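All chains are identified by letter, namely A, B and C, in their written order; residue positions are counted from 1 within each chain.
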Amino acid sequence: MDMENTNLFEFAEFDELESEHIAAPRYSYWKSVWRTFFKNKFTVGVAILLLIIIAFALIQPMISGYSPIITPNINNASLKFVKPCKDHIFGTDHVGNEVFDAVWAGARNSIIISFICTAINMLVGIPIGALWGFSKKMDRWMIEVYNVISNVPFLLLAMILSYVLGAGMRSLIITMTCTEWIFVAYFIRTQVMIIRDREYNLASKCLGTGTWTMILKNILPYLISVIMTYVSREVPSLISYEVFLSYMGLGLGTTNASLGQSIAMYTSYMNGYPHLFWIPVSVLAIISISLYIVGQKLADAADPRTHM
Amino acid sequence: MSNNNNREVIVSVKHVDITFDAGTKKAFKAVKDANFDIYKGETFALVGESGSGKTTLGRAILRINPCSAGEITFEGKRISGKISREEDRNVVRCIQMIFQDPAASLNERATIEYCVSEGLYNFHLYKDEADRIAKVDRALQDVGLLPEHKSRYPHEFSGGQRQRVGIARAMIMEPKFIVADEPISALDVSIRAQVLNLMNKLKAEKDLTYLFIAHDLSVVRFISDRIAVIHLGEIVEIAESETLFEYPLHPYTISLLSAVPMPDPLIEKNRKHVVYDPSVLDQSGAPREMREVRPGHFVHCTEKEFAEYQAKASRMEKEKKG
Amino acid sequence: MAENRNVVLSAKDIEVKFRVRDNYLTAIRGVSLDLYEGETFAIVGESGSGKSVFTKTFTGMLESNGTISNGSVMFHGKDLTKLKTDKDWEGIRGAKISTIFQDPMTSLNPIRTIGSQITEVIEKHQGISKAEAKKQAIEMMERVGIVNAANRFDEYPFQYSGGMRQRIVIAIALACHPEILICDEPTTALDVTIQAQILQLIRDLQKELGFTTLYITHDLGVVANVADRVGVMYGGQIIEFGTVEEIFFESCHPYTWALLSSLPQLGIKGQDLYYITGTPPSLYNKIKGDAFAPRNEHALKIDFEQEPPFFKVSDTHYAKTWLLDPRAPRLERPEVIQDLHAKIKKMTDKGGAFHVE
């Protein structure tokens, strides 16, 4: 202690506004989201794996030019049912095509379809759901619409649509969006109702803020995290829908590659050549699980409570 | 001061009832026959305990709660019930609110700039971007905050600072009338005084009228010109602030007054706390209404009590002089 | 007045840290306190000052991310900071040291009857028969002012008003005749008229049962009403303590001055109230010097450099401020709180604003 220094016992200068400054570094929502997301090494690993898979699925088919109806090796018995080896990474199938090519071409279509369908469902479901949750008047009749639509059996609808519209990408997308959006809307409605009556919304009302601005500025920003959680489940579940419908013969049709198509096609060789079945199933599982993990971790990172 | 007849009335609450769940078994009358005027430029305090209906009544003026009987006027025009969209917009602009809990009443996902600009956007109260920024900066400076706070989020602020953001956001609308619903009770004691001072300063600068809702008479004495005491949905006494403290007449007011804790251990330890006992009121069932005991001093009472209160008031006045 | 009385509980140099994500927050920075038998001690401070956290170390109720990193709490020859499991605490928490919280509903189970909740505590700690416990419970309910207690024994918490619920919480807290009753903002959630009744009730029961009371509050009015001695907390430390008269009439720390000066009861209409600028310190950072210095208009340069020690004002009164150092310049107490007693007397005497008859 430097007790000699009596200058210390003078009054210090005092500035009233000085104490108003905030010393903490500036907060930015999205920066914090990314920082939290990238902090976890495992998540980053899964995200990189996912990106590689997606990039590969988009590029590889362009090089291989795979199509299930082009079968140049169908008469070459030595190229059929080859087990995975150095020359044929995933082996070959019953018509002598590379399983490697089939899987990536299938993954490409499955991923594209599920992304498009998720995008449509979200773009339609979120605004409708937000309005639905906000307006008590709309809730009264919307809930009836929801009851009707949610009770239509999905498989029945898929069958009808596939007969009416024929097989193919377009009809598959319509099948997977025409009712699915209402589940998104219902989910959003419930979330909106939870935060609708919070005091800051009343404050906005007192300032004359209209419904859409309120939804955009007061409600949706609070839902980023739950919407991400929803998307992270929706994408893989739509991939499985696609697989399921293709497997049932209601999907893309035999002329297009898809993971479901491959799995359906190869099931019959399960006993003799199990790799034909397990390879597309594993790829499907890896894509779904990594999509889910990345989505969940993003949703966690989007929750400001994790930003401390 | 006591001659209120030639003062301009800004808000008039006329025999207002507010019933929740009207027409059902749960129907509950939160406010009964509230009847008072608020004069331009004054701070009118509404004091009561939880469940007294004070917030309900304040929100009725903001058109959040509908009145089930009676009407509310603002600058002479009816604002309760159905009104045109244009009038509604006008009411929203001219009547603003300051909330009790600054943590709950600010949008946590919006920057301070957006929070304060929200009203400006809604009513296009700015020429261009530069004008809007200038207005926001000025509003923040008015409440003792810094322009650099614009890009911050509410959670980065302390309770007192947040409450001042809430005040800035209301003030930027250039309102004429402000409903302040317990604006300091959620704040720490050390910063309450700052918010009260600020409200007084802004009132003088911007020619405002306040309805100040509170549960605590000590705060109200400092800030308000007139006070209405409300108990279980009924206004029991209205008087000018000094009068109410000098001549409290209704037993409930007296009980509230006696409950104000005084920061003096020698006095507080021996202070008599009067418990409100409704049975001391006139139980004859005679009609009870607001009656003017002394000029500008109204008490909710029967004819018989009225005479007693008058006698008591004049006795107290005599004692004061003698 | 306190020196020849028994110390029931003695806390020494308590330091409490919380782990919040990757950060450590030091909520209590070396606090000592001796509680004397039968007294009422009030800890007053703002939110975040650490007043609740400090007293939670007496009952082992710190949140799971908090640890007592230093110090001891001696109670009947036992160091309470060494107790870990619920079993260790048996016989102390809820029995010898009871707590009443701000919101009565946090202590009551909404789906069980009032009576069963009181009898449970009595049975558990006294090991007596059900009938006997019920008798005692009803007696206790009557004691805390529940009219018609026998009939209300089987009612549920929602059938009670807020003030009545707090009375029940008091009954439960006192059911085992504790030696120390900790009241953590017991009246903050209640209406002002109910507050006065609850404070009176606790005081009457204290006189009757002779326990020691520790109040935690932010309200100086409550402090004046109940306390024998007062400790003022700021930034995780007690910065001034003394008898209640010393704190109200002869305070020495600028923070205590500021707290008293900003009371609206002392406000004069037409003049600004005194107020404290800025915000309490963040306890995530290491605090250099006096924690109050940045908000203190009377701060000395040394306040920003070195933490002040406790200076003795009287045998019972100590304050942690450099202003009491002989080298410091003389500084009068702010005007508003000079002659405080005379001012308040004027307000509450006949003709004053707060006089009632």
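The criterion applied here is as follows: a contact is a pair of C-beta atoms (placed from the backbone, for glycine too) under 8 Å apart; a residue touches a chain by one contact, two chains touch by 3 or more.
Model, not experiment: these values are computed from the prediction.
J.: Could you tell me which pair, B-C or A-C, is linked by more C-beta pairs in contact?
T.: B-C
J.: Hey, which chain ends up farthest from subunit B, C-alpha centres compared?
T.: So the chain farthest away from subunit B turns out to be A.
J.: Could you please state the distance in Å, as a whole number, between where the Cα atoms of subunit A are centred and where those of subunit C are centred?
T.: The separation of the two C-alpha centroids amounts to 52 Å.
J.: Could you grab the centroid distance between subunit B and subunit C? Build each centroid from C-alpha atoms only and quote it in angstrom.
T.: One centre to the other, that is 31 Å.
J.: When you check subunit C against every other chain, which residues touch at least two of them?
T.: In subunit C, the residues touching two or more other chains are 277, 279.
J.: Give the residues of subunit B that touch two or more other chains, as numbers and ranges in rising order.
T.: 161 - these are the residues of subunit B that touch more than one other chain.
J.: Any chance you could list the residues of subunit A touching two or more other chains?
T.: 20, in rising order.
J.: Under the stated contact criterion, what part of subunit A meets subunit C in this complex?
T.: 1, 6-12, 14, 16, 18-20, 23, 308
J.: Contact residues on subunit A for subunit B in the complex?
T.: Residue list for subunit A touching subunit B: 17, 20-22, 24, 26-27, 29, 198-200, 202-210, 213, 217-218, 221-222, 304.
J.: In the complex of these two chains, what residues of subunit B are touching subunit C?
T.: The touching residues are 49-50, 158-161, 188-194, 196-197, 200-201, 215-219, 221-223, 241-242, 245-246, 248, 254-269, 271-276, 319-320.
J.: For the complex, give me every residue of subunit C touching subunit B.
T.: Going by the criterion above, the answer is residues 46-47, 162, 191-197, 200, 218-225, 227, 244-245, 248, 258-260, 262-269, 272-277, 279-280, 340-341, 344-345, 347-348, 350-351, 353-354, 356.
J.: Note which residues of subunit C are touching subunit A in the complex, please.
T.: Counting only subunit C, the residues touching subunit A are 20-21, 23, 277-279, 282, 293-306, 322, 325, 327-329.
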